[in-house]
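Presented sequentially are two complexes of subunit A, the first with subunit B as partner and the second with subunit C.
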Partner chain A sequence: MTSAERRWQGLLFVAPFLLLYLLILIYPLLRGLWLSLYQVDLFGGGTFVGLANYARLAADPVFGQSLINTFLVTLMIVPLLTVVALALALALNRATRSAAILRGVFFSSAVLSVTIVTLIWRFILAPDAGLLGELWTALGREPLPFLSAPNLVLPALAMTTIWWSVGFPMLLFLAGLQQIPQDMYEAAALDRASKWTTFWRVTLPSLRRTTILVVMLQTAAQLQIFGQSQLLTAGGPSGASRTAVLFLFETAFGRWELGYASAAAEILFLIILAVTLTQYMLTGRVRAGEDGR
Partner chain B sequence: MAASRSDDRLPPLVWAALLTAAALMVAPLVWTLLLSLKSNAELVGNSGAALGGPYTLENYGAIFGNSSTMRWLLNSAIVSLGTTAGVLVLASLAGYGFARLDFPFRRSLFVLVLLGLAIPSQAVILPQHQLFATLGLHNSYPGLILPGLIGPFGVFFMTQYMRAIPKELDEAAMLDGASRFTIFWRVILPLTIPAQSTLAVFTFLGSWNDYWWPLISATRSDMYTLTVGLAASQMNYAQTSGLGFLMAQAVFASIPIFIVYIIFQKQIVRAMAGAALK
Partner chain C sequence: MPGLQLRNIRKAFKGTEVLAGVDLDVAPREFIAFLGPSGSGKSTLLRIVAGLETSDEGEVILDDRRIDTLPPGDRGVAMVFQHYALYPHMTVRENMAFGLKNARVPRAEIDGLVTDAARTLEIEELLDRKPAQMSGGQRQRVAIGRAIVKKPRLFLLDEPLSNLDAALRLRTRVELAQLRQRVDAGVIMVTHDQAEAMTLADRIVVFNDRRIQQVAPPMEIYSRPANSFVARFVGSPAMTIIPARLADGGAFASVLLGNGTRLDTQVPTDGLPGSGAVEIGMRPEGVRVCGQGQGTTDAEVQLVERLGERSLVYARLDDGAAITAEDAGTTSAKVGDRVGLSIDGAAAHLFGPDGTGYHRAAA
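Let's turn to the complex of A and B:
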């Protein structure tokens, strides 16, 4: 084997992945950008329309509403989820048997699929056949129409999502807590710092990176919220819970307006890219990823 | 998991809050289980009946007699196992190449793969759908498996892991006249078993629970995975099966995933620790 052949040998190892990656991810990414500049329907063909799809999006109240809904539900979920996950991690960061069991309990819902989660919550939230409805009726109150009242439906989706997603951030915080050197606490104890002071001065600053990671991962995930909205409410009532991805799904696979849907996909991509890049910058992962050997 | 401050006891108030939260966490699961154990007729118009007996296993019996649910289970198993096997093979090969060999454009290609971490699957769904239609792969197992193989995370993860293995191992094997592939297969791969198992668990969980791609690609009900099948059942539930049966389906569909979770808990926790460190 010549040294020139050897030089290219590494490429053989990465080629199988890379070819699939280029075909199924990178090509569609570029093709989507191209599609977004055309007016395309199901029957192929297409007329170049420049940025007209984007202009139409900007003026489309349905798309605007779906973006607002997505931001609102993300705002309801991420701060609460982060605080709850941190509180659970702080309480359960100990080597007792009961703490281990409770960690399992709080993580258990995270392994379920979105269809099972919505199936479960549909029959908790539904006023006529749900657990909350039964409890309300038992208390002699009128059940709340969580899934059919415009002002209750986003909080209901947020509640469902928090129940579903609390496990992973809790585990991340637990792992972060394990990394804090013990002697920092000993030093704080020597200074007779109160528990409260220790928490604010030692624990919280040490969890900075973990917190950024949790907040950014969750923000990126919740901006893509789809299954809860599609399955629990089909975006209703009258669009009050239609999320951006549901808009994309309906436009693409319901009305087959491929160019228009592609433009919506690009907008969504840019928003999520901005979140991801912010996370990389704040945690310095780009440098960690690029380092040579 | 060792605690850093194990001696201090939790104050009673914190305990009470924790137990309340745990009850809120568990109540929906228990409610689902109870509903699944009731006859459909009893639940019509009165789901509160689930709080008292008599309980029955008839809904679970009905699942085993229901060919479509069993078919969806089979599809989910084939797709998840196929995806997991494919990811392990591709990510290990690519990880070895990126971590331990030098070749032209190595660095730029690795950055290209890393960029993929920032591409959400929703952004590429339309062209992907068109591509798979052109290739005639919708409603097929390859069609359901292939998009699961291109996640950059596996490659990133295996590259990091293989970088940490001492370089001298390859050099010693080279002196013995071993080929690159032999070194990969016989020397390096056996050392990566812990990383393989972690990647396998996460890939399997992700693939088993995936809803987005099979929803779009599997349009024939005999090619549904369990997630899509359950979605279809819950949307049509009023006309068909009944609440008890629906909930039994939900419990049935989550059993495999709970088994995987219980067996591989350690890998999951370890992977989280790794993510928090990076």
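Let's turn to the complex of A and C:
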């Protein structure tokens, strides 16, 4: 067999994946880019408008607000989610039966669809009959209108999202914890390290890569937050919880402005790309040397 | 009483007993090797001394202080781990200083201790490196350095040389021997390598099957093994041990091998078990190859190993008993040859039905 033949054979093996990848990722990406330069609705052909969609976006306060909301909710979610996932992983990183059961329990929310999640949280957040409302009332306080007060609605979205998304980062942290060799903890014990010192000087540095991964994945994921906002509040009250993807959705499938929505999508894509690359560069100097012992 | 005392240490993991009541005294500054096959309990005992395992029963006393109730860091012991267990994200300097910092030793003093230890171990130029940037041998030194700076009363080494390649292992062995002269502390080293134990230790503790089989200086372990396990385990190649019958004799026992050959040993008859069935043990150096019919008995050669300065000849007696003999490096013996074996009865050992060893009277 010549080397050229072998190369073709190799290509055949990856062809199914490559084709699918081209079809459902690369093609839509290019198609979106193309659409964003046209004024086009869902049914008719379009007219080429150049960068007019982008100029319009820059001046659109609704889009601006949706970006701000997206950043705010991402900032609320990612740090807290990371800490909660790490705390759960630390608490459940043991070989007991109850820990195994609890790992399953905490992961279980991740398998629910966003519809179910928002339904559950509507019951929790509703001020008149919800769980939190009842609690607040029991404590003798006025229940908080989580879904109707502009300054409470983003925290409510964040809470819902953390509850929904904590399972996977927790698993990543658990996997990271199990990579830490037991003898390092034994060395730390002989080095008179307190539990606290051991956590800060042994556990946490060993989880550095996992933490970076979790933060990067979650940032990219939460910048695309959509379902919670649409189903819980439909972006309200008065746009206070409208996120960037909800804006896209409303523009494309509510007002049929496909070109305009595509332009917004390209902007969001660039923002996510820029944030992720920045994070990567800031943390990418994890020296290759930290694998060995 | 200074030094380390272990009193009736028992340990079971989930119902499986791994240490069945172990007693041991270690003198101050003594180098002790725990030698034994895998699963014999030697590592578990070391970890009990370190505080990484708790014993089910028994006491650990170091320099008149009971330490088995203390956390590992407060016991005055330092450990070198088999896989080094260095902290990967800390530099060598930080690795060595970590324990001292946790003990709230003043900074200036820490610097002095780390620098001293680094000089002793010749790792000064590595102080600002991280473990991943070093070779296995260098990591090993850092692991030793991390133990030394703590100035412990007892060093615990868990198979410290097993991760090094053969050449480095020999060199590190020599360095360990030199090092122990400089530290004012006892050393316990777990190993399954008898050459390490023989060359480094003042006394060897041989473990098997949950118990200590023998505690003695290396040469005594070799020349007067307490039982047939120790006899087989120590020495390379292993001692030949074959069944024999006690024959009538005088003050010293004589035995008949399976093929009827009579051997006169120097083992005193007094104290030997009454029944006639025993085992006889012979080191290869006590069995020489000679011409057919000229030795104590004849045998057929099964395998010849040429080691350079000497050859090992694995042979079989007429009754099928396997026996290992020594010959010159230039031996002419070939597989299938019939040769004579000249057995030095005076160097032979006897083992009773329960395995207990009986040896020639001590000189």
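By definition in this document, the second predicted complex is superposed on the first by the 245 of 293 C-alpha atoms of A that agree within 3 Å, B and C clash if a C-alpha of one lies under 4 Å from a C-alpha of the other, contacts with A are read in each partner's own complex, and residues count from 1 in each chain.
FYI, contacts are C-beta pairs under 8 Å (C-beta built on N, C-alpha and C of every residue); 3 or more make two chains touch, one makes a residue touch a chain.
Predicted model only: the values in this text are computed from it and were never measured.
Contact with neither subunit B nor subunit C is seen for A:132 once the two complexes are overlaid on the shared chain. Of the two partner chains placed around the shared chain by superposition, subunit C is the only one that A:208 touches, whereas subunit B remains out of contact.
After superposition on the shared chain, subunit A has more residues touched by B, the comparison being subunit B against subunit C. Of the two partner chains placed around the shared chain by superposition, neither subunit B nor subunit C is touched by A:263. Within the superposed three-chain model, A:77 lies out of touch with both subunit B and subunit C [touch as defined at top]. Touch criterion not met for A:147: it reaches neither subunit B nor subunit C. Using the contact criterion defined above for the overlaid structures, shared-chain residue A:189 touches subunit C, although it does not reach subunit B.
On subunit A, the surface patch touched by subunit B in one complex and by subunit C in the other comprises residues 288-290, 292-293.
Within the complex formed with subunit C, the residues of subunit A that make contact are 181, 183-184, 186-194, 197, 201-202, 205-206, 208, 287-293. Put simply, subunit C touches subunit A in their complex at residues 50-52, 71-74, 77-79, 81-90, 98-99, 102-103, 130-134, 139, 146.
Those residues of subunit B lying in contact with subunit A across their complex are 1-6, 10, 14, 18, 21-22, 24-29, 31-32, 35, 43, 45, 47-48, 51, 89-91, 93-94, 96-99, 101-104, 106-107, 109-114, 116-120, 122-131, 146-147, 149-150, 152, 155-156, 163, 180, 184, 205, 208-212, 216, 226-228, 230-231, 234-235, 243, 246-247, 249-250, 253-254, 257-258, 260-261, 265, 268-269, 272-273, 275-278.
For subunit A in complex with subunit B, the touching residues are 7-14, 16-18, 20-21, 23-29, 31-32, 35, 84, 88, 91-96, 99-100, 102-106, 108-109, 111-116, 118-124, 128-131, 134, 137-138, 163, 166, 168, 171-180, 182, 185, 209-210, 213, 220, 224, 226-227, 231, 245, 248, 252-253, 258, 261-262, 265-266, 268-269, 272-273, 276-277, 285, 288-290, 292-293.
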